[in-house]
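Have a look at these structures, which come just after this line.
Presented sequentially are two complexes of subunit A, the first with subunit B as partner and the second with subunit C.
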Partner chain A sequence: MRDPGVVTGVAGPAPAADRPRGLAGDAWRDLRRSRTFWIAAVLVALFLVMAAFPALFTPADPRACTLDRQYDGPSGTAFFGYDFQGCDTYARTVYGARNSITVGILATLIAGVIGLVVGLAAGYLGGWADAVLSRVVDVVLGIPFLLGAIVLARRLSQNASDDGVLAVVLTLGLLGWTTAARVVRSSVISAKNQDYVAAARMLGAGPARLMMRHILPNSVAPFIVVLTVLLGANIATEATLSFLGIGLQGDAISWGIAINESGRFVRSAAAPLVWPSVFLALTVLAVIMLGDAIRDAFDPKLR
Partner chain B sequence: MFRYILRRLLQMVLTFFGATFIVYALMFANQDDPVQALAGDRPITDSQRQILTERYHLDEPFLQQYRYYMEGLLTGDFGTSLTGRRISDMMADAWPVTIKLALLAIVIAATVAITAGVVSGIRRAGTFDNVTLVLTLVILCLPIVVLAPLARLVFGVQLGWFPPTAGRDASWWALLLPAIVLGSLVVATQLRVTRSAVAENLRADYVRTARAKGLSGRRVIGVHVLRNSLIPVVTLVGVDIGNLMSGAIVTEGVFNIPGVGFNLFRGITTEDGPLVVGFVSILVIVFLVVNLVVDLLYAALDPRIRYA
Partner chain C sequence: MLGKRPWKMAAGAAAIALLAAGCTGGGSDDSEDSADSVVIGIVEPQHLVPSNTTETAGSQVLASLYYPLVTFDAKKQPVETAAESITSDDNKVWTVKLKPGFTFHNGEPVTADNYIDAWNYGAYAPNGQGGSYFYSRIDGFVDLQAKDPDGEEGPQKAPAPKAKTLTGLKKVDDTTFTVTLSAPFAGWKAVMGYNSFYPLPKAAFSAPGVLAEGFEDAPVGNGPFKMKGKWEHDSEIKVERYADFKGTAPKVNGITWKIYQDQQAQYADLVAGNVDVQTQIPLESLASASGDLGDRLQRSPNSSFQFVGFPTFLKEFQNRDVRRAISMAIDREEMTKQIFLDSETPATSFVSPVVTGYRPNSCGEFCVHDPAKAKQLYTKAGGPSEIRITYNTDGPHKAWVDAMCNQLKAALGVNCIGVGEPKFSDMLTKVKAREPVGLIRLAWVMDYPLMESYLGPLYSTTGSSNYYGYSSTAFDNLLAQGSAARTPQEAIKKWQQAEDILADDMPVIPLRFGQNVYGFSDRVANVSVDLFRKVDIYKIELVAGK
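Take a look at the complex of A and B:
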């Protein structure tokens, strides 16, 4: 995202570039023109701020619940009314963003690191290392994601006494790296045989320099796209696990838990079910739209 | 072809043992005191402990225990739930319901996806195409935990079009709403794949030939294009099965359908370890077998694909 050279021209025919742009520069130019990208980016930014500073959005305390307000209608800053426990639905929904987004980002980072290392190793080393690592990927992919997550999350949270954030992060991270690994592996293999890599090798570049300077940059674009999609999926899966009762535990505030609890009393009040659902869906939608926009921008075939 | 099948089978055996080993190791390995866990809070005498240890092979090495477990699995003995019921009995009750639900979901999803996919593939960039693309994006992004409770709220509780819960011996009618919810998990990808396959095949030489022979547009699209466009859709079934399984756990939980997913859901909430492992193992096996069959079917359907 660095290209101060051509900022002024908006949609003019081919703004004159003084120096050749890199892949990232091209992509950024395309992204700036994409309406999807801006909508998604604004939504993502909004939810990030909400996760970091929930108090900006509501002065109410999400844990201040009294039963005599049960199912009361909207009043004051409690725009969405009160739920079964007499908690402020709006405040709880806003505060729910933090857990969802923290879990999503941390799990995606773990999956990204594992996927990058495995993919690089398999693609660059080739031979038996590739064979072994690819079989490991096959085995992990052989377990349907949610089923694996159920077993792993149960196991990890068995002896945990906290709110279960760590267990869910590890679960999603340890199961979600396979696609990233495959993408990195295939782009490393295709980059490895390019002439410019052979040239660099002949010029005496060592494996580390080859990898970092010549091979890795080619894997970055598809890797980022996979990670964005994975982030959306992780946020959704966290909610699913919490909904099933094996994700976040105890008095943790989470959209998944809210959907599960309010779903049981939906005949009495719909708002406590509807709003966490809407926020969750919007977050996932925004993240995946962002991934779509980035993929379109990075894919030269569509240009 | 034969060598391909053989290699694929060998790979599947490896994946199968790897996957079940991971599931088994996660569930049962390194438990603090499984005997005490089995008895709950009741005290256990030494002789009881000895009998239980022998019955469950707890004093034997881990790999040996895994072997016993696999032997049980492969001979149809999935163990006993903490409620005392045999898991194979519970399966026998649960599978018909889930299969009914899944079939309904697949039929609905395939009908919608193929019809809409063909139409938007023919009229690309038209209004219908643009609207379906946006709709599929929205559906793709709606997690099942959002979709199932909201659908139940709107169509089951508020509008009252469908029964909000299905229960035991559910009729096809009662299963319709859950099936639509479940089907929406797979409809978007199917639609998009059909659309791009149709759009691509319309430009193929054989379509031009068929048109040049004077065949009607209906026959060209209905027979020539459609048949070739459905091949990639078939391969999606393997992925779809995984999605449907995850979806069934939530959907059956929300709509109270006593199927496989519902049992698993209940097993999780009541911390019924043997039940969870039993059901998960079976689902993993189903997933692997379906994926193998789909791969082989793909090779059979499209003779252009040669496997060495």
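Take a look at the complex of A and C:
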């Protein structure tokens, strides 16, 4: 990592002077100099690695619990001590990252795809298609989120005999796409009325080319920002659902479940509650900071 | 940079909200309208018809609305209350003489007919009363039953039973009736202390043998308290003192039975003074309860028996060696010590120490923790590689189910999952639908202080709480022989033999015997919780000046 304060030397940007930088190039140049971006990126990368390869962080089995170590203090590899059931708190926190982050990413992808398609269609087509799609967005937006999630999650997890990841992902995805759709719709509408779009159309560009080449790239910045915010929110919401007992099921390990279970025993031992909460808060914060930095870079007007 | 801060704040707030949600007390409404009544926490009763009530919460509420024929003294011997006398020369024909002058809450006098009608209603199979099992000893009971030709699940309906009334019940005069049993039973007087033997007023029936609609929402009884308003489901049941009650007078003017789904919330309300009595302090709060409550935290023995059952329709548990191995893999001592902080004791018998005839370790070697032997037996018997334990999350079960799962995982090398169902009835629904629930979490509180109360309802083929479907002819026979015995000693001998069959078969795994670990607010005194886990509503009183 370069010192963000130092502007890159002559060797860097010189060849770029020949070619005008695109939007992404511009953004990257800004991002590289943003302290927030680097802090957030390192944290996000750390948690992603933790989710993918938890064994790198701890040799302990998070499911090996015995009552004779109940509430034992930190020792060896169990940096955070043991919880009520005699499980290694550190190992469970590390392994909890996978479910929490998987749910966050998958749910955000589903919401993003639905939101992008609906928003593009509504914004570009306009007219009755816009009217219908916008009303659908209004209806979904009108469902109180937690209430809808409780009904949907319970309904979906009834048939599933798995740990409930799919049910939670679908619940969050199906309820969470509306903001993305609205943002995409409004930026598509403002982009399609720009002069360069009119120019392209007069030069004979078809709808597909117009959309992919001119409208989408110029409306993608707010979309990306909404997604990062949504990603953070989804991770937190998975924890909420699991906390309420309707999220992940059975012996799944996640931060939400850990917070739920240890919250009851907080007066006997605080560590099993505090650490998953800290990890959860850090992840959500990092993702949202990352989103902020990206938005700033893509959309300098907002600065 | 404007406009981005709220998002960060929201994220931080969400994380804090998660922490804070762990200690929500539940903003209870003010129950100040009756300052001289006490608030006692319960769970939502399943039913409030005496003959259909087989769980503690409903039984507890009914105990305030009805006056039983007999109650139990300190030695667990039955003594007459609503009855003047209950006598028999041969243990077969019992004469019940009622105390005169008692009335129902609607003013109707209590007569022998009220008992006979109520019991006939409860015993008549098409009424589907959960407590009908209790009448099965009365002569003529079989004629009120009807065998479904293709089983309960089949499409055909059961034919109407031969008779609508029990031939064993005979009215002598307005305050006397006789109960003839199909076989002599020395313990019959004790059995009649159960709530299935409460009387019902004429007003309870819209036509002979047809319960009036809505009776259950405001039962009319013969007890010290009458309903104040209706049963507000999932919220509360209020009762107030019945002025014309002629029996032992209670010391408070009313009771609010406050219904909780979450025991933690109830405990928070207890500490905050919104509820006066909690009959079982939740596990999670045990460590801090003595600090919170001081000498208002008390213990008393109770008859509860915690166990897990193996539904017989599950193929993987049909080999009894599998069941034995699972039992041997459980370290009961560790569980009661670490999880229950010694508020419960390890169970190595099928009947509780509170009844005569209890023998320690009647379960033998299969209830002794021996992981090595358990693993060997389990592997040899071909036990499943995954074990599920289904429990209801409205009770404090998750912690010990998880601990038991960890013990099974460690000892047997299997995967084990605890599956929570919101309510006990949800779990039973799944069992009835023959879903792969795995082991099911169950508990039992005796109905009358006899060994038989731990055997008949739970393991006899027709037992009312035999949810797992255990059936053994040898067991049924021994149970019947014991019940028919002339003397209590003889009966106990037979019942112990029946218990030995259970120890051999292991249809369930005994886990723990319970204690009442109860707490109360500083508004009340003389709080005692009996062997049946019920608060003694006649003894509890309010502290003056509070």
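The rule is simple: the second predicted complex is superposed on the first by the 286 of 303 C-alpha atoms of A that agree within 3 Å, B and C clash if a C-alpha of one lies under 4 Å from a C-alpha of the other, contacts with A are read in each partner's own complex, and residues count from 1 in each chain.
The criterion applied here is as follows: contacts are C-beta pairs under 8 Å (C-beta built on N, C-alpha and C of every residue); 3 or more make two chains touch, one makes a residue touch a chain.
Everything numeric here is computed off the predicted structure, so don't read it as measured data.
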* **Contacts of A:A131 with subunit B and subunit C, given as first, second, both or neither** => neither
* Asked: Just subunit B (first), just subunit C (second), both, or neither: which does A:V151 touch?
  -> first
* Asked: Taking the superposition as given, does A:S268 touch the first partner, subunit B, the second, subunit C, both, or neither?
  -> second
* In the overlay, answer first, second, both or neither for which of subunit B and subunit C A:G245 touches. => both
* To do: Could you tell me if A:D292 is touching subunit B, subunit C, both of them or neither one (first, second, both, neither)?
  => both
* Asked: Touching A:A198, do we find subunit B (first), subunit C (second), both, or neither?
  -> neither
* Of the partners subunit B and subunit C, which touch A:V139 in the superposed model: first, second, both, neither? -> first
* Asked: Should A:V42 be classified as contacting the first partner (subunit B), the second (subunit C), both, or neither?
  -> neither
* Structure fact -> subunit B and subunit C footprints on subunit A meet at residues 232, 236, 239-240, 243, 245, 256, 259, 263, 266-267, 273, 277, 280-281, 284-285, 288-289, 292
* **Contact set on subunit B toward subunit A in their complex** => 11, 14-16, 18-19, 22-23, 26-27, 137-138, 140-146, 149-150, 152-153, 157-158, 241-242, 245-246, 249-250, 253-254, 264-265, 268-269, 276-277, 280, 283-284, 287-288
* Asked: In the complex of these two chains, what residues of subunit A are touching subunit C?
  -> 63-68, 70, 84-86, 229, 232-233, 236, 239-240, 243, 245, 249-251, 256, 259, 261, 263-268, 273, 277, 280-281, 284-285, 288-289, 292, 295-296, 302-303
* Structure fact -> The subunit A residues in contact with subunit B across the complex are 135-136, 138-140, 142-148, 150-152, 154-155, 232, 236, 239-240, 243-246, 256, 259, 263, 266-267, 270, 273-274, 277, 280-281, 284-285, 288-289, 292
* Structure fact -> In the complex, subunit C touches subunit A at residues 1, 3-4, 7-8, 10-12, 14-15, 18-19, 21-23, 264, 284-285, 287-288, 331, 334-335, 338-339, 393, 398-399, 402-403, 405-407, 409-410, 415-420
